[in-house]
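After this come two complexes, each holding chain A, first together with chain B and then together with chain C.
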Partner chain A sequence: MSRSLTASTAPYRAVLASRIRSQRSHRVSFRVDALSSLLVGVVELAEVAVLYLQVEGIGGLDLRAVLLVFAIADLSFSLADMAFGHCDNLPEYLRAGTLDVFYLRPQPLLLQLVTSDIQLRRLARAAVSLAVLVVAVGLNDLSWDPHTVGLLALALVSGPVTFAAMFVWAAGAQFFLLDGAETTNAFVYGGRYAATQPASVWGRPLLVVFGFAFPMAFTAYLPVVTLLGLDGASRIGLPDWVGWLAPVAALWAWAFAAVSWRLGTRHYQGGGG
Partner chain B sequence: MSAIIETHGLGRDFKVRDGLRRRTLVAVDDLTVRVEPGEAVGYIGANGAGKSTTIKMLTGILVPTRGEVHTCGLRPVPDRRQLARQVGVVFGQRTQLWWDLPVRESFRILAAIHALDAVEERARTDELVERLELAEFLGTPVRQLSLGQRMRAEVAAALLHSPRLVILDEPTIGLDVLSKQRLREFLVAERREHGTTLVLTTHDMGDVERLCDRILLVDRGSLVFEGTLTGLSATVGAERVVTVDLAEPLPDLVDVEATTHRGSEGGGLRQRLAFDPGATTAARVLAEVSRRAEVLDLTIEEPDVEDVVRRVYAARR
Partner chain C sequence: MRHGTRVYRRLVVAGFRRQSTYRLAALGGLVANTTFGFLKVALLLAAVRAADGSLEGYDVGAVAAYVWVSQAMLGSVNLMGRNDLAERIRTGDVVVDFLRPVDVQGAFVATEVGRSLFTFLPRGLPTFTIGALVVGVPLAGGVAPVLGVLSVLLAITVSATTVFLVGVVGLWLVETRGVQLFYMIVSGFFAGLYLPIWFFPDWLVVAASATPFPSMLMYPTDILSGRVDTTGALGHLAAQVGWLVVTLVAGQLLVRAGRRRLEVQGG
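Right after this comes the complex of A and B.
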C-alpha cells in the first residue's frame, strides 16, 4: 500500500478493526449468530433443491443449472450483506443522532456509514454458498477455458457490487420514508430471492423491477445462461451473450444508489431534494 | 484576525405537516452574530428556541434556508470535512463514543479519524486524561460508565483533535454538583491554555456565570439579547437569593445594602434576602448580616436560565 493510501484508509481500518475485535471477544454470541446465519443459508438452499428435485426444470434451468445460479447469487448477496447490510440500521442512526456525529467527522458520510460495522457472522452463509458453488461447478462439467473463467469471475465480482448498491439505494430511501425499512427490505431481500430464480419465468412487472430497474437478473441468472449456453436470455428477449453485461448492470445499480443517497442526504440537510 | 463564527441574517424553516395542511415553522430567523477567537459565548433560550438548529447550521449538518454563515472562515455545508478538523462538538444527549468499547479504544479510533500522528495523539490523550481525571475508567466499556464519567469522556473525545472551536450542547445536563464543577474547571483551563473558542447552550445559570463572557439569548428563533450576564441581570433583574439561619432572632433585615428582604420565618431566625449579583456579592451580604447576628447556616439560590429567559420573554410580550 502506498503511504497516502495507508493514511487515508486509517480511519476506516481503525473502526473496522474495533468491530472485528468486539465480535471476536463475544465468542458465544458470535458462534450462535454464525450458526443461525449458516442455517438460513442451508434452508434457502433446501428450498431451491426440493423444488427442482420434483420437476425436470423450470424456465429452461434444471437442478444443476439452478444450483449454479443459487450459488453465485447467494454468495454475492452474503458478501454484500456482510459489508453493507448494516446500512439497514440507518433509521436507528437517524433517531439516535449517530448520523449527526458522522457529519462532524472529516470523512465522506457514506464511507463512514459503510465502514461503521461489518458482520463477520455472514461469512457462515457465504461458506454455504461457496460450497454449493464448488459442487455446482463440478456438476455442470464446465471446461476451464477463458470464456468460463472470465464469465464466472465477472459474475462473482459484479454480483456483490450490485447487491451492495441495493443496500445503499435502500439507505438513501430511508431518509424519506422514516421507519420505511420494511418497504425497502421488500426490494433488497425480495431482490436476493429473485436473483436465485430463473428470470425467464417472471411476469412482466417482476421482470421490469428485478430485471432492469434493480438488475438482479444480471447477478447470477443471465451470466449462468450465457455460461452454459442455455436459451434463458432469448426467452426474455435478450441476446445470448447478455451475461457479459453484469458489470454494466453493477454500474447502473450504483448510479441508482448514488442518486438515492445524494437525494436522501440533501433531504436530511434540508437543501432541497 | 477574522471571526470564528459569523452569521448574517441566518434563518432556517421546517416544513411540518399539520393534519392535512403543510405549514412552515420558522426555527431560526434573521440571526446575525459574530464570535471572535478565544471568546466564550453562552447561547441560551427556552426549549424549541432554535438553539440546536443553529448549531447544526454552524457545523454543516443543516443547510440554512436564508442568510449566510461562516464557521472558522469556512462555509459549513460545502466545506464540512475541512471544518470538522477545526470544530469539536459535544451533544449532551448523543454519544460519539463506541458504547461497547473501552474509552481508550474510542480515543484511538478518533485519533485515526482525525489523522493525529502518534506523538500528537499521545500528548493530547495524556493531557485530557489527566485534566478530566479519566484514568480510573480508561479501560471500561462506555456502556458501563456513569453519566458524569461518560460526559467527561465525551468532552475528551470532542477535544482530542484540539479544535479551535468547541460547541457544547447542554454539557452539564443531569450531572451532579461535583461533576459540573470539574467540567467547568476543565473548560476554563482549556480555553486559557489553548485559546479555544467556546460556544455553549445550557439551562444552567452556573455554566453561564462561570464559563461565558457573553450571552446570546434567543426567543422563537430570533436574537433578543446580546451582552454580558451582568447586563442581562440588569435588564431583567435576575437575582440570587441568600437564606440565612441566625443564632438569635432579628427584626426583618430590610436595610442590608443592595438587597431586598424577601421574608422571614421563625420570628426572624431565618431570613431571605435577594440581591443582584452585578451590584453586590454573597460574601458582602453575609458580612453585613454577620455584623448584626451570628450566622449558623446559609444557602444561596441561583436564578436559573429558565427564570431569566421567562422574564425576558415576558418583558417582550
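Right after this comes the complex of A and C.
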C-alpha cells in the first residue's frame, strides 16, 4: 500500500521538488518576492488595525477580537494561496494552449495543475498572520481547554480548505470566462477581504453571497464569535455554536468547486495547435 | 507645436480605442469593483455609526461617496504597477519607441490616459451608478463637481506619469518586477483605497502625503464627496499639479540618463 502510494505520488513530488529548487536557486528574485509578500501581510494588518483603533468596536468586534478574526482568515488564505494560488494562471494556459499538455499526461488534471507549482514566498505572509495569531490569542485571554483548542484547530484546518476550494471554483469558471478572469477575483480576493470582516455589518445580499454561497463568514468570524462567546452569530440569525460548523462549510465549498471544475473541463475544447 | 500636440491627441484616442476591444475584461472589472465596493461600504458605514455618526470628518453620506467614487476610479488609475514599458525594455522593443519622432514619455502617458478615459465607460460609471442606486451617494454641490472632474483627470494623468517611472527604472534594472510589486502594495494603501488616509495616525498621513499616491485617488474623492470645501479642493488640486510636474520632470531626466545605458542584444 505505502509502496504504491510512493510510486503514484512520485511524479508530483518530482515536479514540486523542482519548483522549490528553482525558487531557491534564484535567490535575489525569491527574496524580493518574499519581502513583498511580507509587506502585503503588514499592509493588510494595518488596514484592519487603523480602522479599529479609531472606534470602540465594529459590528460587535473590538480590536482584540478582530485581530483574532484577521489572523485566522489571513493565515488560512495565505496557506491556500501558497498551494492553490497559481490556479489563477489558468487563463494564461488556456490562451497559450499549454493546458493541453496536462491533458496528455495520464494523471488527473486538477492534481497536475495544483502540484505544478508551489509559491514558497507566500510563507512570508503566513508568518505575519501567524505572529498576529499568537498575539491575538494572548490578548483575548483564552483558557486552554478542549473547547478552545478544538475550535481553533477546526478553524485553522477548515479555513485553508475553504479558501482552496475558492481557487478551484474560480479555475473552473475560467474555462467559460476567458478574458473576464477578473470576475472571479471579486469572490476569491473579495472573499479574503470579506473573511476578515464582521459578518454582522453585512446586509442580506452580502450575507447570502459571503455568508453562505461562498462561506467566508465560516472561515474565521463565526468560529471566533463562538470561541469568545460573543453575540456575533445571533446578530445574523444563527445559533451561538455555529462556529463548530466550519468543516461543513468547507465541504460545501468543495462541492461547489468540484461542480465548477467538472463543468469547466467538460466545456474545454482544446487550445488548437 | 500644433503638429506636436496632434500626435499625442491621436495617441489618446488610440489608447481609448484599444481598451474598447476588451469588453469581457471590462465586465469582470465591473463585477470586482462593485463587490469590493459593497464590502467596503458595509464595514465603513458600520464604523461611522459606531463613532456616533462622524469619523474624522466623514458622516454616513461622505463615507458612501468616498467608497463609490474611489471604486469607480479604480479601473482608471493604475495602482497595479502594470505597464507595457517595462516589458518593452526587457525585450528590447523599446528601441523602436526611441527611433520614433515622438517623445517616449509623452507617447506612453497619452496612451495610458486614453485607456483610462475609456475605462470609465464600461467600469467606472456603471460602478458608481450601481452604488448610487443601491446605497445612495450624496455628492457635493456648487463648484465641487467641476473641480472634482478636473481632479479626476489630474489623478489619471499623475498615475500614468508615476507608472512611467516604474517602467523606466528597467533601463537600469532590466527586471522590474520587484519595483512593480512594491508599487502595487504601497500605492493602494497610500492612495486611500481601503481606508481614507485621514484615518491613519498623523505620522502615516505625513508619509502618505509625501508620495504621489493620494493624488491618484484620495484627493479627487475628497473633492467630489464634499469632505473638503473649495479652499481645501484648491489645495488638493495644487498638490496634484505639483506631483504631475515632479513626475514628468523625473521621467524626462531618467529617460535621458537611461537611454545611454540601454543595451539590446541581437538586431
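Please note the rule applied: the second predicted complex is superposed on the first by the 267 of 273 C-alpha atoms of A that agree within 3 Å, B and C clash if a C-alpha of one lies under 4 Å from a C-alpha of the other, contacts with A are read in each partner's own complex, and residues count from 1 in each chain.
As a convention for this text, a contact is a pair of C-beta atoms (placed from the backbone, for glycine too) under 8 Å apart; a residue touches a chain by one contact, two chains touch by 3 or more.
Because the structure is a prediction, the values reported are computed rather than measured.
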Overlay on chain A: chain C relative to chain B, clash or fit: fit
Partner with the higher number of touched chain A residues, chain C or chain B: C
First, second, both or neither for A:108, with chain B first and chain C second: first
First (chain B), second (chain C), both or neither touched by A:270: first
Partner chain(s) touched by A:6 [first = chain B, second = chain C, both, neither]: neither
Touched partner set for A:18, first chain B, second chain C, both or neither: first
Touched partner set for A:96, first chain B, second chain C, both or neither: first
Chain B and chain C, minimum CA distance [Å, superposed model]: 14
Common interface residues of chain A - those touching chain B in one complex and chain C in the other: none
Touching residues on chain A, where the partner in the complex is chain C: 29, 32-33, 36, 39-40, 43, 46-47, 50-51, 53-59, 177-187, 189-190, 193-194, 197-198, 201-203, 205-206, 209-210
Interfacial residue positions of chain B with respect to chain A in the complex: 12, 14, 56, 59-63, 65, 77, 80-82, 84-85, 87, 89, 91, 93-96, 98, 100-101, 105, 108-109, 112-115
In the complex with chain A, residue positions of chain C that touch it: 22, 24-25, 27-29, 31-32, 34-36, 38-39, 42-47, 50-51, 55-56, 175, 177-178, 181-182, 185-186, 188-189, 194-195, 199-201, 204
Footprint of chain B on chain A - complex, ascending: 7, 10-11, 13-15, 18, 22, 96-98, 100-101, 103-108, 266, 269-271
